[in-house]
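The first chain written gets the first letter, and so on, giving A, B, C and D; residue counts start at 1 in each chain.
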Amino acid sequence: MRVGIIGATGYGGAELLRMLKNHPHIEEVVLYTSSKEGMNINESYPHLTAIYEQDLKPIDPDTLKNEVEAVFLATPPGVSAEWSQTIVESGCQVIDLSGDLRLRSPEQYKAWYKREAAAKSIIDQAVYGLTEWRREEIRAAKLIANPGCYPTATLLGLAPLIQEGLVRPDSIIIDAKSGTSGAGRTPSAITHFSEMNENFKIYQINQHKHIPEIEQQLNDWNEEVAAVTFQPHLVPMVRGIMATIYMTAKKEIREQELRELYQTSYEKEPFVRIRKQGSYPATKEVYGSNYCDIGVTYDERTGRITVVSVIDNVVKGASGQAIQNLNVMNGFDEEAGLTLVPMYP
Amino acid sequence: MRVGIIGATGYGGAELLRMLKNHPHIEEVVLYTSSKEGMNINESYPHLTAIYEQDLKPIDPDTLKNEVEAVFLATPPGVSAEWSQTIVESGCQVIDLSGDLRLRSPEQYKAWYKREAAAKSIIDQAVYGLTEWRREEIRAAKLIANPGCYPTATLLGLAPLIQEGLVRPDSIIIDAKSGTSGAGRTPSAITHFSEMNENFKIYQINQHKHIPEIEQQLNDWNEEVAAVTFQPHLVPMVRGIMATIYMTAKKEIREQELRELYQTSYEKEPFVRIRKQGSYPATKEVYGSNYCDIGVTYDERTGRITVVSVIDNVVKGASGQAIQNLNVMNGFDEEAGLTLVPMYP
Amino acid sequence: MRVGIIGATGYGGAELLRMLKNHPHIEEVVLYTSSKEGMNINESYPHLTAIYEQDLKPIDPDTLKNEVEAVFLATPPGVSAEWSQTIVESGCQVIDLSGDLRLRSPEQYKAWYKREAAAKSIIDQAVYGLTEWRREEIRAAKLIANPGCYPTATLLGLAPLIQEGLVRPDSIIIDAKSGTSGAGRTPSAITHFSEMNENFKIYQINQHKHIPEIEQQLNDWNEEVAAVTFQPHLVPMVRGIMATIYMTAKKEIREQELRELYQTSYEKEPFVRIRKQGSYPATKEVYGSNYCDIGVTYDERTGRITVVSVIDNVVKGASGQAIQNLNVMNGFDEEAGLTLVPMYP
Amino acid sequence: MRVGIIGATGYGGAELLRMLKNHPHIEEVVLYTSSKEGMNINESYPHLTAIYEQDLKPIDPDTLKNEVEAVFLATPPGVSAEWSQTIVESGCQVIDLSGDLRLRSPEQYKAWYKREAAAKSIIDQAVYGLTEWRREEIRAAKLIANPGCYPTATLLGLAPLIQEGLVRPDSIIIDAKSGTSGAGRTPSAITHFSEMNENFKIYQINQHKHIPEIEQQLNDWNEEVAAVTFQPHLVPMVRGIMATIYMTAKKEIREQELRELYQTSYEKEPFVRIRKQGSYPATKEVYGSNYCDIGVTYDERTGRITVVSVIDNVVKGASGQAIQNLNVMNGFDEEAGLTLVPMYP
């Protein structure tokens, strides 16, 4: 299979290139750009020297359909709103890593993203690519809205409890922590090394764009779920997300029951690992891999459940899940190209 | 004034030495040890070369009372339970940085610390040294139980709301993040550089010793407050604590009212700074200083208040607050030795 | 092929497990231990959960020869001196990642390692596994002394110049910088996070054990090479080595000639990449991969050549090169299991 | 004394503010800007809230001379070339932290800085502010060219040997490592957190602007010294420089003699500390302080001397030394405002 990447010079693109190199069903990767035509990928990423030597090509749907069978869009806001429809119509599969097509409500999109939503016709075609919970839809899809990094960690961590309705629907608080790679490759004051190292920051309080994405999926599972509190933080590290999630149990529950619920929910999933009693995941334990590791606990003193969910934000939270979706769409082994062991230490 | 430090080779001790060097009322610092008699402080800390050249002396209450007028105990669990009484009786002021004397209930101590509490008579003499809120008691005290690092950040962040009873008493969740210096100087697997760098960890879930300390003070302020949820995390940095605190407001409140409440509560405090609207503190903004910076917000969607409170865990969370208490006890300017500007970047 | 690892709980072992998982010719990995019999590998490394579930087995040469065809020794000093002979005689290939068998002179070993050398008979059987330059010997070997991390970066960086005799033989200075993973997994004061982060250290000045290893190989290539100066430093990062190597050219040389010499020397090597003019490698550009990236320059003002050579110390500097040697010994594609793209960022 | 800072929003300015706060002879600090008129310093630096509350004022030499008696220029290239003369003529002392006035030869300046030099008349007035070695000139100066960070660490490390002529004049190699704060506050790809963390880089090979500054001073001490090799590297940390300096001794020397030479040279210096035998400084041991710590060794195998010199680049390498020079110029205690104990850990 031949695949294309639009936006290969960003971190999402670099990760796709890293993983596709060892994907058994990918024979060629073609790199497209809207702004850096003719640049060799090595100029942008010397680490790819001798592995990828391509120049970036302009996006042209007519030639694109003859060159590749699927396209990853690892692009800034708005690009996918502009191109997805045309590419899908040309017969290519599209997996969009941006946030353009994730929210079904254009009003919600506009309210949180502060820009116009994509055309409703495109949004309606897009399947939300949370692989573990939408596999059948993904199998039939031509266009995937790949989930955001925070929603992936959060939703995988919440799914069993929300689907079973075991927690008070207005009690969900997500305290999320991310490495800086989630902020992308463009230098900024916030991610300037001298001001980010030996520092811990909170940002976009009550305003992060991933809030409506999380709520949309939670409500699909359980319509009684109310607005959630979600506060993101920046950790002085490059990769990794931990979502520490707090909820009040509807009624007392034994921790073991809780763990069994999670184990049962995910027992056939190759990329979700439930921790044993007393063990909670650290972000480095999934570093560079497509795993989501989850620990759960119940505190009798407070009646609260705490769920700890970790992913590598640029793998399971972006490019890894995108490849997982590609695999599902094409009937490949779901683990193809993704048998990456976490890099530790 | 001459002061002594027992446990100068730990991080709390090193920070005391850093700050006492420029304290206008301290003429001499004597270093005591229970286990490293005769060692020069430079062997343990080359960075103190030419600044402090003392050898460590054994603890002997009889000579100690002639050498110093106040003693800081920066020691492991149990040392202060053993020595405080004798030293206080000898006429020295004692400021204990350990957790030995903070809990008034020996049962609580035993339940959380998994060891026997100090004698009730000593505990009863100790004043909890949260300077901003117990200044009068501290002024009259001979023995201070200096607050823990997490409780300092948390309690300063919660005080105005709890005292006013503005939040639902069973809704308090504290998601706390700390640099590694809080774990002390003894090497361990958890704080081994190769496993801590590029990593973010949660630890002691539902079991941290600072939980009862926080609850004790909250109940002193407002007895209706129920058990809190407190989960501590380790950040790959050395210094700094951020407590992100979540609560449900009893009734709707405007964010500005909230901010004014905090500004009023702390307007005369030299070491507490309330952030303006839309600004939230990062840990580096108090790095190396005795400040506690606080941001507050209210989310109309969820009815929840989020408080962000940051300190340098080894300064305001330990040695800085200890010197602040020393100043209060002796009628010095409360800022003496503590006019440290945060080191940024 | 079935392979064994003795010492799987160290970092070298963990990296072997990471790479062997995707090695096309490895069907089983058996884990042996001299001290942790019966422990499950997940207890030591939760990141391997669901990937490796083995218990550690005791070392028994009699059963070992029936279980595996090759053994990696990722063990502390002395273990390989003790076990290599027996295992080789049992018919297994042995690749030793420790320093026990690298120096041909027992006197040198004793002088630098401060302990007795292995039996001369074992040392004589061992082939020094610097793959790029000893491929033919390795192909025929049963016992490999896998090179140290610093020597790998240094020797690959020096080979073309030394073999051609282009530099003054007494002018070689190696300023080496390493991440902390090279110091292993045992916690220590030096690698305690609080004292290593935001810090840069020099250590083992003029005394590092890798000095004689470097000199031995340089003299094999060119006997006129004199003692080198080598100073290692610790960088506050986990992985990566940079060797900045300084030499005086025997006579003036154009930088382009220099670069061409390197390009020619390594043009058929899959794991050595020579940088273009004006480009010098950073350690992250080989992170997690088996590459050695090299930049060279000549300064007309001083007549000095500077070579910059980077590797991932636990891959090309240890476990990656070990697998590369396994591939050569067994006639596999030399890149088998090693087609890892550097992880960036 | 009232002092002004031009360029207070950069890191050099922030450090001046940190230290001047506790300077016994400074009663007021006025902040000037060429581009951010009217901005409050807190908008740029929230960590200064409640400590400095000034707005930035425009530069006007006429009013400036009435407001302050000395001015620090912590400005980008060219500003000081433009303003120094006028300010000095108005009667203010000027301490210039930029590189504009350090090189006495305009040709050298142009060759290395790739821009026109300041007027020769200004350059001739400027005294190179390497305090330890030019104290008498500084005492009489009105205009100081404050040394660069790398030259400070390097020159203090080399002075005794070069002045005594103990090393071969063409053998000096400086391998320098710096934290990222030396690169300033403007975000860039090189110092983007995601690409700098867990990374170690070499940069400006053979081309760093500090090379001629180092050579100029070495030649003032000893005219036989030839061109030096100097290669700078970036360490994933914020503060600290280590210069590892290699030289060949003219004749064999005992290490103890070497150490005594250094101890004698610096015995009256409050800010230079020579390490004992077998001890070498790490950058964190001077963190936040004005110290330069130096270790020296001699290797009999190679006949080479290695000197290890560390400073905090924004203190002794910039703002600390600037204040030290202010103290000398005004007859203050040289340690005034600089009795900062290194912050450890």
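Of note:
Throughout what follows, contacts are C-beta pairs under 8 Å (C-beta built on N, C-alpha and C of every residue); 3 or more make two chains touch, one makes a residue touch a chain.
A quick map from chain label to UniProt name: A, B, C, D = N-acetyl-gamma-glutamyl-phosphate reductase.
All values derive from a computational prediction rather than experimental measurement.
Taking the options B-C, B-D or C-D in turn, the interface that duplicates A-D in more than half of its contact pairs by residue number is B-C. Between A-C and B-C, more C-beta contact pairs are found at A-C. We define each chain's centre as the mean of its Cα atoms; on that basis subunit A and subunit C are separated by 36 Å. Averaged C-alpha coordinates put the centre of subunit A at 39 Å from the centre of subunit B.
Our note on geometry: subunit B versus subunit C, Cα centroid distance of 46 Å, whole angstroms. Listed for subunit D are residues 11, 179, 181, 185, 194-195, 197-198, 236-239, 284, 287, 344-345, each touching two or more other chains.
Chain contact summary for the complex, subunit C toward subunit D: residues 170, 173, 175, 177, 179, 194-195, 197-203, 205-206, 226-229, 231, 233, 235-240, 242, 244, 246, 280, 282-284, 287, 295, 297, 299, 301-302, 304, 306, 308, 344-345.
Here subunit C touches subunit A in the complex through residues 11, 14, 17-19, 21-22, 45-51, 181, 185, 197-198, 238-239, 273, 275, 279, 281, 284-288, 293, 339-345, going by the rule given at the top. Those residues of subunit C whose C-beta lies close enough to touch subunit B in the complex are 11, 179-181, 183, 185, 187-189, 191-198, 236-238.
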